[in-house]
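Same chain, two partners: chain A is paired with chain B first, then with chain C.
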Partner chain A sequence: MEAPPVTVMPVTGGTINMMEYLLQGSVLDQALDSLLHRLRGLCDNMEPETFTDHELVYLLKGQQGNPFILRARRSLSHPTAPWHLRYLGQPEVGDKSRHALVRNCVDVATSHSLPEFLNEMGFRMDHEFVANGHIFRKGAMKVVVTKLSRILVPGNTENIERLSLSYLVELSVLAPAGQDTVSEDMRSFAEQLKPLVHLEKIDPSKQRH
Partner chain B sequence: MGRVPGALQQTVDLLHKKLEQLGALKQQGNFSVDCETYHATATASGQPSKLLYVMHNSETPLSCMALFEGGPCLVADANFDVLMIKLKSHFQNAKGHKVECRGWKYRYSDFSIKVGTVTMNSSARGISAEVEYCPCVVPGDCWNLMKEFMQSFLGSNVPELPSVFTVKPEGLFAPSDCIDTMTQYLELFNKLRKLQMPGSNIRV
Partner chain C sequence: MQREEKQLEASVESLISRVAYVKNALHSFIYKLENEYDRLTWPSVLDNFALLSGQLNTINKLLKNEKTPSYRSQVIIPLLLSPDRDDDLAKLTEQRVPVFSHEIVPDYLRTKPDPEVEEQEKQLSAEAARIGPEVAQKQIQTLNKLCSGLLEKLNNPRDEREAESSALRQNKPSFNPADTNALVGAVAFGKGLSKCRPPGPVAPGLPGQGPLMSGGPTLQQVTIGGGSGQQPSMGGPVSQQQGQPGKMPSSIKTNIKSASGSMHPYNR
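After this line comes the complex of A and B, so read on.
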């Protein structure tokens, strides 16, 4: 079949231009219990929620420019749940007055054929890891406390080794673009977690070694 | 949506009439199935890539189905459409290849029937007839019954057993799902796309 003409994209469904507002920090393993205790007190009253996920990071390399990155996540504790596919844009630059990192975000729930489908699209798995931990919510805010583990044998999520002696702490909100009051709420919440954890605006592109 | 040429519209009307004569009831609302075609702009390996089809069906309004012809399929939520926009430097949409199918729904006892007009780039290309026997999800257990029912309004135009079932390792006895339905629509769309239809390029 001849190559079809190139035109502008149409959109049928979905939510356009959702942004993730993010603050990150970490605590040592020894401090986990006191942090969880504090979070239980501050966050919405809900059943303690834990998770164990397997995340695969896929790259699509074009002829030029940076590779396109997609993250595919599946729950190991709920194997029948849909897979979660996530696109994260580059952090927005410029606005120094904003208290949180802001980046474009597309979340898609998918069927279990995702890895095979991404491969067919030309994506290749770059790295994978296991993330387990605790989730808390306060209104629209989400707090995730995660232990990251590397996978020793590719694809085998049983055979893992913890990456460090600390937990990653992330405070995030998903909101349509332009709702910058969100970052104010996040800052005041982060203040309440001090000195147990210092949540900061961290630019992931500056972390590469 | 484009206007439907007289001959096609007559056939659609005839099918509706036959269904109503059988005693089938027209359902509230209509149905639609659409299909966008994407092609990879360049692959790292330099190999030609297959076309990627992204489809929607009004029967599953929160889902988006992505298919490679003969390859893996993905069922996702509607945000997949947004993701395709992000991917536009890698996958380009062939707008001229957009296919849509719209029409009415009928119900005859346990059968659900959808007769639609297939338009490609606003020009009518053909007619689709979807028949579902709702109480059963195993095609092999109801194919003969469906065939007999289809004969009652399609006459000699009853299709062969859809290949989507014959190519499965479990054959006819694996439950069918929304991907099986969409694969059949895609096959129909691709067949109609290749048809030469002089004089049918009517635009709104």
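After this line comes the complex of A and C, so read on.
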């Protein structure tokens, strides 16, 4: 298995220097059907896809600075599918000319021994959750409508409790750094989902406390 | 007799000129459709349709006019058929009918529908004869029902639309900004999500864990000394949790301190 990046510096160079452009919003449970209906109309014509994932967030804390975070995800509906390891960089939200949040992003598919490997590396799990929902695509854009559930007994993904009465809605595009035109496309797409959902550039650090 | 003939002639003249107008209009419309389709606008297409429909209406009026003699009672008899090419005829018909022969005359002078139309009609009547009168009645009823339903909808579109939009307005908002923030915080930092405990026996119950944890310990909670190589032997994970006496699993080898204490259990 490939070693995950262990520096806090953004990964640069090569083909892995991809940025994730992100807009977020939410929709109440009772409006979910209208949203799915609209997404089916707006997005690429494909079979509706659903997913149920278990995400574990691992931390590696150095002596100074922010902890290094890796996200491991596995599909509960497809247990034989590879695990998915993801690194997300610090979000850039300050730039007013950009309509979306931009952050460094590295995705790796891994074998099932990922949790043990991360533990050996010194990573420790910070929290976990179950995410299930629907996924849509429109060109390079990805729309994910997710219900988040907290896990009541650690490790038991059967015993869960939903986090809120809303679904999280995320519109994202993976693009090489500097391709800011994608954020324009995302904004016009987000316009079409109003007033059902307001997709916005949300600075996560403001939700921290 | 003389007068009637004159009347007929005059009406045929005017009919020919009207038909010529329609033909010209059709001609220019087809030309536009074929050659200027890329810059043809919808309003101008509608204009062309309106022109055609107006001209057809005039012809209809002309035919229904009292002064127009009934063409139905006029008989046309082909007097001479010839297999040879007739230039005058070709010129008159714009090269469409070059020969006045026994082959084409029955088709051009026929008073019944075109052969293809006749064929279709035959099929339809065969079809109609095949299904029983009961089935036919049923189909008629269904069609009538559909038509009246459609008509009703078309006649009251405004009422329905208004009802719909007012229903939309009455609806509560489809999203809640507070939920958005909570969810974003949850995926970004695990805010409101269960915190992981050290492996081993888990404290039973843990009621009210969610609210307890939300807004409490965040990512800074877990502190480990790994990676620095300072603990070669048993270092392992050291989880540090906020002081919640009674809820902490006690049987495991962890160094538990209150969050207000030092973040790093191993002095450096």
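Following the convention adopted for this analysis, the second predicted complex is superposed on the first by the 193 of 209 C-alpha atoms of A that agree within 3 Å, B and C clash if a C-alpha of one lies under 4 Å from a C-alpha of the other, contacts with A are read in each partner's own complex, and residues count from 1 in each chain.
By definition in this document, a contact is a pair of C-beta atoms (placed from the backbone, for glycine too) under 8 Å apart; a residue touches a chain by one contact, two chains touch by 3 or more.
Fair warning: this is a prediction, and the values are worked out from it, not measured in the lab.
Of the two partner chains, chain C is the only one that A:V27 touches; chain B does not reach it. Of the two partner chains placed by the overlay, neither chain B nor chain C lies in contact with A:A175. Contacts of A:L152 after superposition on the shared chain: chain C is touched, whereas chain B is not.
By the touch criterion stated above, A:M121 is placed in contact with chain B and with chain C alike.
Number of chain A residues touched is higher for C, counting chain B against chain C. In the superposed pair of complexes, A:L165 makes contact with chain C only, with no contact to chain B. Looking at the shared chain after the overlay, A:K61 reaches both chain B and chain C. In the superposed pair of complexes, A:L76 makes contact with neither chain B nor chain C.
Contact with chain B, but none with chain C, is seen for A:T110 once the two complexes are overlaid on the shared chain. Touching of chain A by both chain B and chain C, each in its own complex, is seen for residues 6, 60-63, 119, 121-122.
Contact residues on chain A toward chain B in their complex (touch as defined above): 1, 3-16, 60-63, 65, 68, 85, 87, 89, 104, 106-111, 113-114, 116-117, 119-122.
Within the complex formed with chain A, the residues of chain C that make contact are 172-177, 179-197, 202, 209-210, 215, 218-224, 226-228, 237, 239, 264, 268.
Residue ranges of chain A in contact with chain C, taken from their complex: 6, 24-28, 30-31, 34-35, 57, 59-63, 67, 69, 119, 121-129, 148, 150-154, 161, 163-166, 168, 195-198, 200, 202, 204, 206-209.
The touching residues of chain B, when paired with chain A in their complex, are 34, 36-37, 39-44, 49-52, 56, 62, 64, 66, 68, 71-98.
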